[in-house]
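Note sheet for the following structure.
Read from first to last, the chains carry the letters A, B, C and D; within each, the first residue is number 1.
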Amino acid sequence: MIIQFKPNTDSALIDNFCARQRTTNPNVYQIKHHVAVIGEKAIDFTPAEEEVIAATTTDEPSYVLGSRLFQPENTVIELAHSTIGGADFTVMAGPCSVESADHIMAMAKVAKEGGATILRGGAYKPRTSPYSFQGMGEAGLKALRKAADAYQMDVVTEVMDETHVDLVAQYTDIFQIGARNMQNFSLLKAVGKTNVPVALKRGLAATVDDLLNAAEYIAANGNQQIMLLERGIRTFDNHYTRNTFDLNAVPVLQKLTHYPVLIDPSHATGEWDLVTPMARAGVATGASGLQVEIHDHPEKAFSDGAQALKPATYLEMCHQVWAVDAVVKQWRH
Amino acid sequence: MIIQFKPNTDSALIDNFCARQRTTNPNVYQIKHHVAVIGEKAIDFTPAEEEVIAATTTDEPSYVLGSRLFQPENTVIELAHSTIGGADFTVMAGPCSVESADHIMAMAKVAKEGGATILRGGAYKPRTSPYSFQGMGEAGLKALRKAADAYQMDVVTEVMDETHVDLVAQYTDIFQIGARNMQNFSLLKAVGKTNVPVALKRGLAATVDDLLNAAEYIAANGNQQIMLLERGIRTFDNHYTRNTFDLNAVPVLQKLTHYPVLIDPSHATGEWDLVTPMARAGVATGASGLQVEIHDHPEKAFSDGAQALKPATYLEMCHQVWAVDAVVKQWRH
Amino acid sequence: MIIQFKPNTDSALIDNFCARQRTTNPNVYQIKHHVAVIGEKAIDFTPAEEEVIAATTTDEPSYVLGSRLFQPENTVIELAHSTIGGADFTVMAGPCSVESADHIMAMAKVAKEGGATILRGGAYKPRTSPYSFQGMGEAGLKALRKAADAYQMDVVTEVMDETHVDLVAQYTDIFQIGARNMQNFSLLKAVGKTNVPVALKRGLAATVDDLLNAAEYIAANGNQQIMLLERGIRTFDNHYTRNTFDLNAVPVLQKLTHYPVLIDPSHATGEWDLVTPMARAGVATGASGLQVEIHDHPEKAFSDGAQALKPATYLEMCHQVWAVDAVVKQWRH
Amino acid sequence: MIIQFKPNTDSALIDNFCARQRTTNPNVYQIKHHVAVIGEKAIDFTPAEEEVIAATTTDEPSYVLGSRLFQPENTVIELAHSTIGGADFTVMAGPCSVESADHIMAMAKVAKEGGATILRGGAYKPRTSPYSFQGMGEAGLKALRKAADAYQMDVVTEVMDETHVDLVAQYTDIFQIGARNMQNFSLLKAVGKTNVPVALKRGLAATVDDLLNAAEYIAANGNQQIMLLERGIRTFDNHYTRNTFDLNAVPVLQKLTHYPVLIDPSHATGEWDLVTPMARAGVATGASGLQVEIHDHPEKAFSDGAQALKPATYLEMCHQVWAVDAVVKQWRH
């Protein structure tokens, strides 16, 4: 059940209500004057409570905390150099893998030049084959942090493993959970217990509800700083593109949830020459930001070279993205 | 084999070459100084021919006539009130079904007001169930034509059946081939023998190559006035939307073919409140136009009411679409 | 509404009831003591009728005539040499295309030897590319008929076009509607007006409900002699097989409909060496029959050689299929 | 590169060769007289080695150790009460979740009665929602072990988390890796470092190659005791069934890999009344075994009740499965 108290309700009354519920229910959550008591279909309210209740519903979806029923206002995530989910569009750019300290430094310079405020780069890489490059590990994290700091950028990087959560948290501003780990529930719980924002990528076969339920694992463990990334789904249409870019999901998610929704045209297409038109399309849907992969020598990239933009192409993409954003931002959800 | 003669080659030489090939091969096609001799891997050229051949290739795809190898320049389709595939974006709007003479007239007024130059409306309806409304037939065609004429618009309407091709041709400016008939090869051949432009909609399970090969049935029968419509594909992701909108296909098709590529956000989403953001996204990809369904009383529509825009919503969608187009048109393929 | 009269109800009463309904509803159908009045939610019954009504329902699916609510007993289709939908398993075998009179005669001999009672072969071929072999046409039909007659077999062959229905009917015992034409509603209506049994193949993106609604177009036009063929759907899993064989659909369809359900392991796999294990699997589900493609020289086949079984492999497949059938037939639906 | 030495080659020579390769390549693997040196395209053999090399190939797939090129013979997994991958068919049965010590004991009795030799039951449950039952944990493992021992059965149970690997290993005979964790590479590496057999379930969007590469993570870490489970993939066809059962994958996998391939008709259909026909179908493909969920009161099951068989239905399913197996086992790969 979600209980919506009247806006000016005494906070002590709400606190008392929550405390009483917690004696019998482990899952009681509050945001301002909205309270969710998970799984309850009927609650005995005191007369004083009844007087200040504006509305109740037992029709909430299973992803209660992520739903707009529980929190109508957009979640806005504030970092040192970026705001995600507010009025502005956010660009995250960088190479697929951190390849060396020098390389990530050079890529950070390019990323910043295009207008990115967040530097991406993988230090732990989820690779289909065990014999492929698996990432630089902590040395990569250090190089990534140093490069971001040099250009006053925030860092997003993937954490693949709950045993790495504390380590990665020392270097990153945002945990990325990759598509293959979207339903690695142990990992979701672990990042849910931190206070580091999480970028959760949609799995290849995940429905919109699956994605929101995965986010709920993070939120239910205490971390509501979540953003969602659409990065392509797997369909029969996989000859000219690596995945099918499900841009419908952007406005669908914006209806259902208050978390910011971002797009990843690099993985969603898998082909560098499709990234720019699809980045334009993604901005035009009203998404809150995008993540894009760049590399100065894609043919030599340690991973995913086919989808990486060269610096000049990236800068042109940014130019086009900002131009579309200037028109579209007035209609952003 | 595709033979590219030098640009200033004597047309008589090319004509002679084609005529000679036709004595042994039924499938010889020419556009300007490009000639396709389908299926040939080796040709004996005369010395005079060899002198004026710029290049040959036997690497053409199966959709030879639709490929940019055969025709590098965009196909531009000129109608009385519209140009499709040129510098400008084209809007086709109207109700799913023609429901009455008065109704289509009222809808034409709305469509025109938003900037549409082409009026859509179905007189023969491909319905999943035999017991559903099957369309007004010729009376619907007449009403549609009259409404379009009243507002100086062109007409697009579906033809479902080769026996109706001549009848429908009397009323329409563009034949629409629906998704379910995309591989109805008898119908494709029949419209290929007319000189009426064809809007070919992608089937729910059609790959990009399937779509281009279906278009080739039209072209190989003599009609190169073809436009392609992406209208959503069928995937696991079908709970909040009717289909998955494969916008990746827009730039993919633009690389492979010279035919104009349009989008249909009404069918691709199936939900009216998703149409506007996805129309913006579609324009931003660089598509040449869009088709959209409108209705003044969607809840009473004879078909597909859930996806129809009310007039005010349609006008706002157009406002947004033209605003994005103003920025994006410089990057259109 | 479906009205179930008591089993021993006077047929004149039922006839009168139907006649009265037909004065206001074009879609009234009867099988024995079951009557469907399509789309009606409330009917005024006479007292005499009320006395002999066992049950009514307005919960029928859109494919009323195909549903087990309307006809609980299996449809059994009787041909000169075959019974489809009864206790026995039916094998349809032959080459993809009729290639010559001699070839189809030789293939008929092989088909019969394995236990097939129905000879398949395409005279009109739905090919992805317009430049591929399109079939022998009427000459192919004649050769096919002659070969079947020589071995006391029935004929199944595809009709692609409503204008060919009368011609093909002169030569075949079963019309096949191919997957690409599953929702070619003009064609479905046309075969529905004949009294020739129809084998309707499931489209690549057709849901079970789509398939049953397509069958309903045939039934609603008067022809209830329908069988359904599962032949693979299109999914992301298309590297080692042409399609995904949806064998779940066999028991699902058997629950919903009384029409016989058959399988086509040749198209569902696209690879000859997978046909035998998947034929065994198909029989084991409880399907009523299978269709399989054979060729003595697959590498020279005019179409679909990769999935054709050579004669010896076909005979071994039949041996295994009959062995599984001997065990499974007791559990056939 | 895979090097196939002659069968009677001196093992010291092969050992020396491997040791030399390991000085420069971390990924050198040997099975009998086959050696894989991962990623090498050219190797300098000594004259003595060249004399005893039967063949070499650099055409191996990325899942080298799992491929039949590296190990032509089937992997056979021997447990105390079961043999998986040999001549016999193996049944794993039990409830979705371990619900109590008494319940799992009662279910073990039923499972054994049908002929199952392996008891399944989840103590750690991967649930879509964080608010659903998450499993009994170690108490569940203890109860499961006790029930299996009481009926002389082996145990299979899911491990979801690398931090639980040691704990779960104390109670189980087979680790199960669930579909959602198929590409949780940290977990795959962790179970790869044990000597406990692993049942790896195919992910909902995993291709056959993805599955084999995931298995390679286990094998490359030292554990070759792997079996693969097909349990349905996610497609558009999800109305009457939870997933699409990709039985084509059984013979496809059997061609490519030596690991035993099993089927899970419970998850692949999601509906109890489809399990029996699809179990028959799965046996008929030639799979090495099946896993099935049972429950005495499915409507009260803690998880996945809709797909659980009641005891009597399970026993009938087993009866049918053994009957089909008796015919089919002669053709098992």
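Operating definition for what follows: contacts are C-beta pairs under 8 Å (C-beta built on N, C-alpha and C of every residue); 3 or more make two chains touch, one makes a residue touch a chain.
Everything numeric here is computed off the predicted structure, so don't read it as measured data.
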Inset, instruction - Give the pair among A-C, A-B or B-D whose set of contact pairs overlaps with that of C-D by over half, matching residues by number. - result: A-B
Legend entry - Inter-centroid spacing, chain C versus chain A (mean Cα positions, whole Å): 49
Legend entry - Euclidean distance of C-alpha centroids - chain A vs chain B, Å: 37
Inset, instruction - Could you please state the distance in Å, as a whole number, between where the Cα atoms of chain A are centred and where those of chain D are centred? - result: 33
Inset, instruction - Would you mind listing the residues of chain A that make contact with two or more other chains? - result: 205, 209, 233-236
Legend entry - Touch-based graph of the chains, sorted into line, ring, star, complete or other: complete
Legend entry - chain A residues within the chain D interface of the complex: 27, 38-39, 62-64, 126-131, 160-163, 180-181, 183-187, 189, 203-205, 209-210, 213, 216-217, 220-221, 233-234
Inset, instruction - Flag every residue of chain C that touches chain A in the complex, lowest number first. - result: 234-236, 238
Legend entry - List of chain A residues in touch with chain B within their complex: 205, 207-209, 233, 235-237, 239-241, 244-252, 255-256, 268-269, 273-274, 277-278, 280-286, 320, 323-324, 326-328, 331
